[in-house]
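Both of the next two complexes hold subunit A, though its partner changes from subunit B to subunit C.
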Partner chain A sequence: MKCAADKIEVLKEMINIGVGRVADLLNTMLCSHIRLEVPSLKILSSDELETELCKCGNERLSCINLPFKGDVIGVAELVFPAESASKFVIALTGEEADTIDMDSIRAGTLSEVGNIVLNAVMGTISNLLGFKLRYSVPSYTEGNFNSLLPVHPIVPDTRVVVVQTHFVVEKLEVEGSIILFFEMGSFDKLLEKLETSYEGKKR
Partner chain B sequence: MLDHIPVGMWIINRDYTILSWNNCIEDWTGIGKNDILGGDFTSYFSLFKEARYRERIASVFDTGAPTIFSYQLHGNIFGLFLPNGEPRIQHTTVIAIPSPDGDDFHAVFAVEDVTDLTNRIAELHRTERQLRQAHSGMEKRVQERTAELAAANDLLQREIVEHKQTAQALQHERDKIQKYLDVAGVMLTVLDNQQRLRLINKRGCDVLECKEKDAIGKDWCDSFVPEQARDEVREVISALLNGKTKQFEYWENQILTKSGDQRIIAWHNKVLYDDKGGIEAILSSGEDITERKKAEKTAKLAYKELENANRELKEVQSQIVQSEKLAAIGLLASGVAHEINTPVGFVASNFQTLEGYIEKFKNLLEMYHDLIGKIEILGKTELLNKVAAIDKSRKDMKIDFILEDIGDLFDDSKEGLERVTNVVKNLKDFSRVGHPEEFEEYDLNTGIETTLAVAKNEIKYDANVKTELSEVPPVMCNSGQINQVFLNILVNAAQAIKSQEREGMGTITIKMYAADSEVICEISDDGPGIDPDKLPKVFDAFFTTKPAGKGTGLGLSVSYDIIANKHNGQLLAESTVGKGTKFTIKLPIEQTKTQDKEKMKHEESCLNSVDDEGAV
Partner chain C sequence: MACILVIDDSAFARRMTSKALKAQGNEVLEAESGHHGVELAEKHEPDGIVLDLLMPEMDGLEVLNILKDKGLDIPVIVLSADIQESTQTECMEHGAAAFLKKPVQENELIEVIQGVLCSK
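On to the complex of A and B.
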């Protein structure tokens, strides 16, 4: 496997497996079918990233971040549009949408859901690739897409790899995205690792 | 170190054995370190006996990834209550730390009491939500207001554009109008109701010898009207502003130029009304007629001179006509004298005879008288003798013949006197000097007869006159002038025949007939005729074919003037050499009013054309 494009396809597949696990989890949690899209992968400069993020508009989003270090450096994010986030929380907790505590409920609930989902994705990827990763504690934030941009640990002037997949919980009309940001240097490492691991598995 | 952290914390290994237990969790659970350390975690926290919790914990040990147990999904891991009995809100995070030997992970449980935090967050969110609502309300208001402002701005922009366009169009129109005004060859001015100049075109500035900017706003009368005319002009302008437009629609007055010249301007004035129908200004177009006035004056003088000359000419013409007439009469004088002499001769002779007759009557009457005186004295015989003597004398004196003759003598004399009277009357009629423009109804046949009577002696030795006179309607004419024409033509004809010195008599034929609206008289002779090259000249003044002293050369010229000019008729000449000449006179029956009028109009227009030009 010499071609980078092939490696990227493999990576996409692995991420898809991770997300598939997430789908199982969410299915269990929500008792609802989850529709997944094929992940997209883009290599962007920080400027391009900004431009890309700007396309997402000014919609209010709920986001759970899981930064990680180790063999690769990056951030995994679970992102919901605010409305979907609310529906998601209602489905999980059974609380009424207009209760005063909804916001506090949402933060706690989504943190845990994000934790589960991102752990599943990252756990699958790191298991498949045999990576060693150290995770920070997940954090919950709200804001527009731009404000959710992981400034840290991404260093300016470096390129980032953005892997994005979109899922829809049809019954609840909930949608969301799982986005992985990798630093470029560590991404190359990831691809190397992927080759070794893939070849190894093939043997 | 963990003891100082205000978070309930404990550490377990993969076997769920509690390795560490801090003060805070000691306080919250009431379980002392010494009691719990080395014990089985699940025996204190039964929740973690459940598979789904164990799975989560297992993943911490397997992957080193942290796990969260939120209050919202799991409630409290252990009982912890507020003073009011409500459970405290716990947020549990499990993170992996490497085991001291580095081969495995230990799981660190950290339980935060986030009651206050959650409440504060909830409060914060509420506030935020309210703020957001207020903000969104405000934003909506701002958006609405912005939209309104934008719309107003759009409208304003449009209006500005429209205004600009209108202003441009107006300016364009104004420029165009100014161009038109400037192109105009007359002065154009607008005076406002304060009699100040509001608009003036280029021609106006040229005449006033000033610049537009210097003239605009000035009081018209004070600045541009000579002092002597100022009051009058001011009154005229006031009258116009008061609506007396008809009276002063056209007005001439003098104006004063910058260099002090005075020019005469003919103004045509119109008033301009405002929206309410009030008069707000006067628009005037003025033509500089100074030069024309001068020319007019010259023309008037020239016209007067011309008029005098014309009058003199007319007088001369009239004298010529008269003298021509007198010449004709002179020509006729010998004939007329003869005409008169003959009757006068035999009347005189009769008179002599009558004188003799009267003498005889006187003698006879004396004899009778003597007899009557002696009738008482004388005896019968004597009486008888006396009577016999008287009777004898009567026979001797041929009284019976005389009585018969005397009637004849009187008849003859009466006829002779009548003839004289007629001749004189004809002559008088013929030579009548009437007003040249005096027209009357006249029978042209009478005219011919009168003329023939007068001219009889001029004609009768040379030509026979044949007349074919149809009955014709009377013609409006000046009879004296028409007779003069007849005479001229007849005498010319007779003289032409006479000039041939032929043996026999010539013939003059006179035809009179009416055709349509004219009466036509043809006078033809069988004389020598006129050469074709001379024929066109016969009506020219002073042209004559007669030997010197025989004619004035004015006869036919005057005749032509009388027929063609004075009577709107025609006088035509046809001639064949060796065969004769024919003159045709055509006279309109009516000197119609139209013709009269046209004639008058023609004459007036000749006058007016000068007058008009003078007045323009």
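On to the complex of A and C.
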């Protein structure tokens, strides 16, 4: 498996497996079928990243960040349009929007959901490749596309790898995205590990 | 009826876990941080602890170590979103009695707690 394109295909498949686990978890939590899209993977400069995220327009978004380090460094994010986030919280807590302090409950509930969902994706990749990740406590932000930028500033001239996948919770008409930002050096390490692991399994 | 201490920084997670435990007639104590959890464990010596791993300031592994250092022989069930096999191994090496992945089904949680308490 020498070609980078091949490695990226295998990585996308691993992410698919992780997202499949997410669908299973959300299905259990929300009792609804989850529709998944094939993940896309882009290698971008920090300027290109900003342009890419601008495509989200000025829509209000809810975002949960899970930074990770260890064998690879980056940030995993779960992003919902604000309206979807509210439906999600109401479905999980069983409370009506006008009877609860949505702001405080919303942040806490979504942070925990993000923690579970993002760990499922990253943990699946980590288990498949046999490396170890250490997570920071997830954080919750609301705002426009700027809130999608990773919490720690991206050093200018570095490149980031953005993996994005979209899911729809059919019964609730809720949609969301999972975005993984890898620092470029880390991404190279990930691809190397992928090759070692893949070749090892072939023998 | 057993007394179970739930240590988790997420109010949502504490609420879900406590609800499942109380439905089985257990008494539940709640701590929103590792520090508070250790305090309650020393003060009340509960029959068991359900412990989250990823928490600010003092994480679950630190809690396990402190409980061991203080000689508190309370079975700890780690309940974490971190599904890495290496994390599960690390927790068991640090003295956890069981490891469960979030979100846990109510019956699975109860079954594991009963098993752990029976073998105490």
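A few remarks follow.
As a convention for this text, the second predicted complex is superposed on the first by the 199 of 203 C-alpha atoms of A that agree within 3 Å, B and C clash if a C-alpha of one lies under 4 Å from a C-alpha of the other, contacts with A are read in each partner's own complex, and residues count from 1 in each chain.
Quick note on the criterion: contacts are C-beta pairs under 8 Å (C-beta built on N, C-alpha and C of every residue); 3 or more make two chains touch, one makes a residue touch a chain.
Note that the structure is a prediction, hence the values are computed from the model and not measured.
The superposed arrangement places subunit B and subunit C in clashing positions on subunit A. When both complexes are overlaid on chain A, the residue A:Leu25 reaches subunit C alone and has no touch with subunit B.
When both complexes are overlaid on chain A, the residue A:Ser62 reaches neither subunit B nor subunit C. Once chain A of one complex is fitted onto chain A of the other, the partner contacts of A:Ser186 are absent, as it touches neither subunit B nor subunit C. In the superposition on chain A, the residues of subunit A touched by subunit B in one structure and by subunit C in the other are 92-93, 105, 108-109, 111-112, 115-116, 119, 123, 126-127, 132-133, 135-138. Subunit C makes touch with subunit A in their complex at residues 9-13, 54-56, 80-86, 102-103, 105.
Those residues of subunit B that touch subunit A in the shared complex are 56, 59, 62-73, 91, 93, 95, 114, 118-119, 121-122, 125-126, 129.
Within the complex formed with subunit B, the residues of subunit A that make contact are 66, 89, 92-93, 100-101, 103-105, 107-109, 111-112, 115-116, 119, 122-123, 126-127, 132-138. Subunit A makes touch with subunit C in their complex at residues 21, 25, 28-29, 92-93, 105, 108-109, 111-112, 115-116, 119-120, 123-124, 126-127, 132-133, 135-138.
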